[in-house]
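Going by the order they are written in, the chains are A, B, C and D; count residues from 1 in each one.
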Amino acid sequence: MHRPDIIPSKAASLRTLTATMAVMCYLACLAVGALILIDRAVDAWASGLSQEVTVQIRVTSDSDLQADINKATELLEATSGVVAVADLGEEAGKALLEPWLGSDGLDALPIPRLLGVKIDETSPPDFDALAAALQEAVPTASLDTHRRWEAELTRMAGSLSILSALVLLLIGISAVAMVISASRAVLEGNRPIVDVLKLVGAEDRFISRQMDRRFLSTGLWGGFLGLALAIATFLALGYAGWAASPGLAAASRGLFYVPTADTWLPYVALLAVPVAATILSLVTSRLALTRMLQR
Amino acid sequence: MLRLERVGLSYGRGAEVLKDVDFELQRGSFCFLTGASGAGKSSLLKLAFMALHPSRGRIKLFDQDITRVSRRQLPFLRRRIGVVFQDFRLLDHLTTFENVALPLRVAGKLPRNYERDVRDLLDWVGLAKQADSYPPVLSGGEQQRAAIARAVISKPELLLADEPTGNVDPILARRLIRLFAELNKLGTTVLLATHDMNLLKHVRAPVLHLENGALQQRH
Amino acid sequence: MHRPDIIPSKAASLRTLTATMAVMCYLACLAVGALILIDRAVDAWASGLSQEVTVQIRVTSDSDLQADINKATELLEATSGVVAVADLGEEAGKALLEPWLGSDGLDALPIPRLLGVKIDETSPPDFDALAAALQEAVPTASLDTHRRWEAELTRMAGSLSILSALVLLLIGISAVAMVISASRAVLEGNRPIVDVLKLVGAEDRFISRQMDRRFLSTGLWGGFLGLALAIATFLALGYAGWAASPGLAAASRGLFYVPTADTWLPYVALLAVPVAATILSLVTSRLALTRMLQR
Amino acid sequence: MLRLERVGLSYGRGAEVLKDVDFELQRGSFCFLTGASGAGKSSLLKLAFMALHPSRGRIKLFDQDITRVSRRQLPFLRRRIGVVFQDFRLLDHLTTFENVALPLRVAGKLPRNYERDVRDLLDWVGLAKQADSYPPVLSGGEQQRAAIARAVISKPELLLADEPTGNVDPILARRLIRLFAELNKLGTTVLLATHDMNLLKHVRAPVLHLENGALQQRH
């Protein structure tokens, strides 16, 4: 004989809890996915870049090349964010001019000297200030702006990564607030039922088991609905999003298909969202129930 | 069985609803509880059922001091008592059958062991046809009978009934009173709060009368 | 004599609605703010960039400079994403070499020629393919990679802008779903009260006025709480966020203080969020109430 | 005043609860409605109050066919009727005073015009002390009296009362019946469903008896 659930499954507050779980898990999964995507993009980016910028020192008729090199090296080494400075030698200078002038007759020219400056990726120096200081100290020296762009990009990507972590955090906090509020409303709505159960001799264990079951099924159903919607969104982005933003689309697909060392990471991280939300809902209801039973 | 010693009760910071109530209900006895509306009958039953704490005094139930009993023990004491609440307290989302079977289910019994009993009892109180209906579609008297059935299904040692015939016709009322008397013969102690003077005529039993918060015994 | 509200203000479902309004408005305001920030950043970026890349054509002993120029121009003009090609003349080539070699004796050298290529910002050409094609057709020609980086950055910023619009959209949809669900739960919880009001002779107008009042106050209170939290978050980012990401911090402050032509835009856009959410909540409750009253 | 013509009622696809009910309630009359529990008394009152639609037949109220009246008219018809529901239907978040004043407030009256009346009526039904209490803390009989007070506060043309004395003591019951009789003298038509045979003795009035879905008049 089928026994109906003692805690009803059709209350309006329970539908709100389901919606809350679904929506908040959806947003959290999107945020987690975006965080993973952006972190990967930033990593890929950073590993593709050299951690060097170059400084060119011109040779003029009235300058002492070696003195200029020493002075510039000294200045660079004293700059925070610079890890190491190396003189790249004459050949590097020739290689620089070759594209413009061809290799013939280069020897006759005052070949500029290049210094390789290894920078700290995590806290790069302020390039504008550095360029100005360099110009001031050694008028023949100039900072290669090409690499500066790369560093700028890396910094921007880093910012983006922080921003998305922040968004994840804020969505997480919001989700926690919502799940707690909705769970408490459900429990509050069940107060008359809890009272009757107490009166007919139900043990606390019995009541919390029934309640846990309801919250567990509601939580998991809502949570995984949200997760499914999030995955659907990533897939939609991965395929339909091509026109709008090819990079985004490829990245979205990459989230699930591209084999990397940590392929399992997105799966685990995304799965953790509905599970964590359900646990939160359960714990909230347990605490409120305990308080309700105590009186 | 049930013994109140100098029990006082006040809600919040209000005046005392019950003052120095002293009485003992012998095992196997049958007793009426009367009093004007608002005299405190329901309050007294709630005290006996441990749904309220007395403001002072002591209550002994099944030879235990229930003002001191631990929360873990409460459900087990309550399972030995059947209660008909004045406002029924049925669960709207469970069928009449499930409502009546609730005390058994909560006590961990299996449906195959009680289905028969529940159906028989529903039949007796005239709810056989309404077994699968939900309380909100039952008539007032039908709800009341469901509440009575739930109170007696587990053959409790003590039965507390609060105005259990206020919503049924006189013929049904007599039938229900017979049910209580039958249970009483089988050993259940019965305490029945009522306004219905006709009921008092049908059963010869002592009457406890509440007035101004004090209890007087009449025969 | 004070008359208490007919629709109670203390139901658990109403607290959930307040929380829902607050949280969803918070997230939506954050998304709106982020969208404005990012759009502004992208605009500023794009306007600061030239829409040109350059192509250098080397002069070698066995090449015909003018023929190479013509060939390259032809190829470039045929490439989609290229708007115009112009020969920048000999002086531009000299200016290019000056930083390395100084201005003395430049006349003796085979000065490379520069072509200015105006590209379509919104659909830039594929620079890698273009570089390869150019190399193939005109071995002495090369694409200046410096400007390519800028274009890449612009595209990335554009993607980011699309992404944030998408996030706003998804949060918007989520907020709509949540507000609808929570509003319906509140109305459902008030069904017994609506029934009693009908029975004592209340007109539909009376009931909906009472209900509107409740939803209006709950909605506005929750919504503006969310808005206030969002503004607090921007301010916190603007000041405390400096260390983590200076650019982000400056932008957050810029959202409110920097005088631009559309200074009013963020205020209006942010204000619109709680107002829209409250209207949504009101409309939802009205529709559900009308259905409830009709039976 | 109220006229049922060959009215039938069935809930959902169930059997008919009322079959071919035909009767007329004259303006200014006083009538009891009796019948076993589940006979359909509450259903009949709900029909008269337009809370239910008959499955067939016609109901005339205040000379209007209420099966055809527009939804916009309903509130205004209902304001001319007072109802005591079997389950009271009080609003738990309003005080007794506010509950009783609800029909007046809903009709757009201002507090200063009715406060006096409400207090007097509460006094009469013995709820003066409970005026500022909320229904959940009232005793069963107190709730019932609040429901009665709400039904009569607007001096309705028609009063429908469903088991209005099921939860009060005999003395209060007689007092309430006197209230109904008083109103009746002032012109209110009263239809009173009850199981309480003692009430029938106190007022000489025709009795409508429901049995097997049919109505018989007894005197």
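Everything below uses one rule, namely that a contact is a pair of C-beta atoms (placed from the backbone, for glycine too) under 8 Å apart; a residue touches a chain by one contact, two chains touch by 3 or more.
All figures in this text were calculated on a predicted structure; none of them were measured in a lab.
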item: Common touching chains of subunit D and subunit B; value: none
item: Reference subunit D; chain at largest CA-centroid distance; value: A
item: Chain centre separation (subunit A, subunit C; CA means) in Å; value: 18
item: Centroid spacing, where centroids are CA-atom means, of subunit A and subunit B in whole angstrom; value: 63
item: Centroid spacing, where centroids are CA-atom means, of subunit A and subunit D in whole angstrom; value: 67
item: Shared interface positions of subunit C, touching two or more other chains; value: none
item: For subunit D, residues contacting two or more additional chains; value: none
item: Topology of the chain contact graph, where touching chains are joined (line, ring, star, complete, other); value: ring
item: All pairs of touching chains, each written as two labels joined by a dash; value: A-B, A-C, B-D, C-D
item: Complex contacts: residues of subunit B adjacent to subunit A; value: 49, 51, 71-72, 74-76, 78-79, 83, 85, 89-91, 93-95, 98, 102-103, 105-107, 111-112, 115, 150
item: Subunit B residues within the subunit D interface of the complex; value: 11, 34-38, 42, 86-87, 126, 137, 139-142, 145, 162-163, 166-173, 195, 197-198
item: Subunit A to subunit C touching residues, read off their complex; value: 12-13, 15-16, 19-20, 22-23, 26-27, 30, 34, 56, 58-61, 96-97, 99-102, 104, 109-110, 112, 142, 145-146, 149-150, 152-153, 155-156, 158-160, 162-163, 166-167, 170-171, 174, 177-178, 181-182, 184-185, 188-189, 233, 237, 244-245, 247-248
item: Touch list for subunit C against partner subunit D, complex; value: 1, 3-4, 6, 8, 10, 193, 195-204, 206, 294
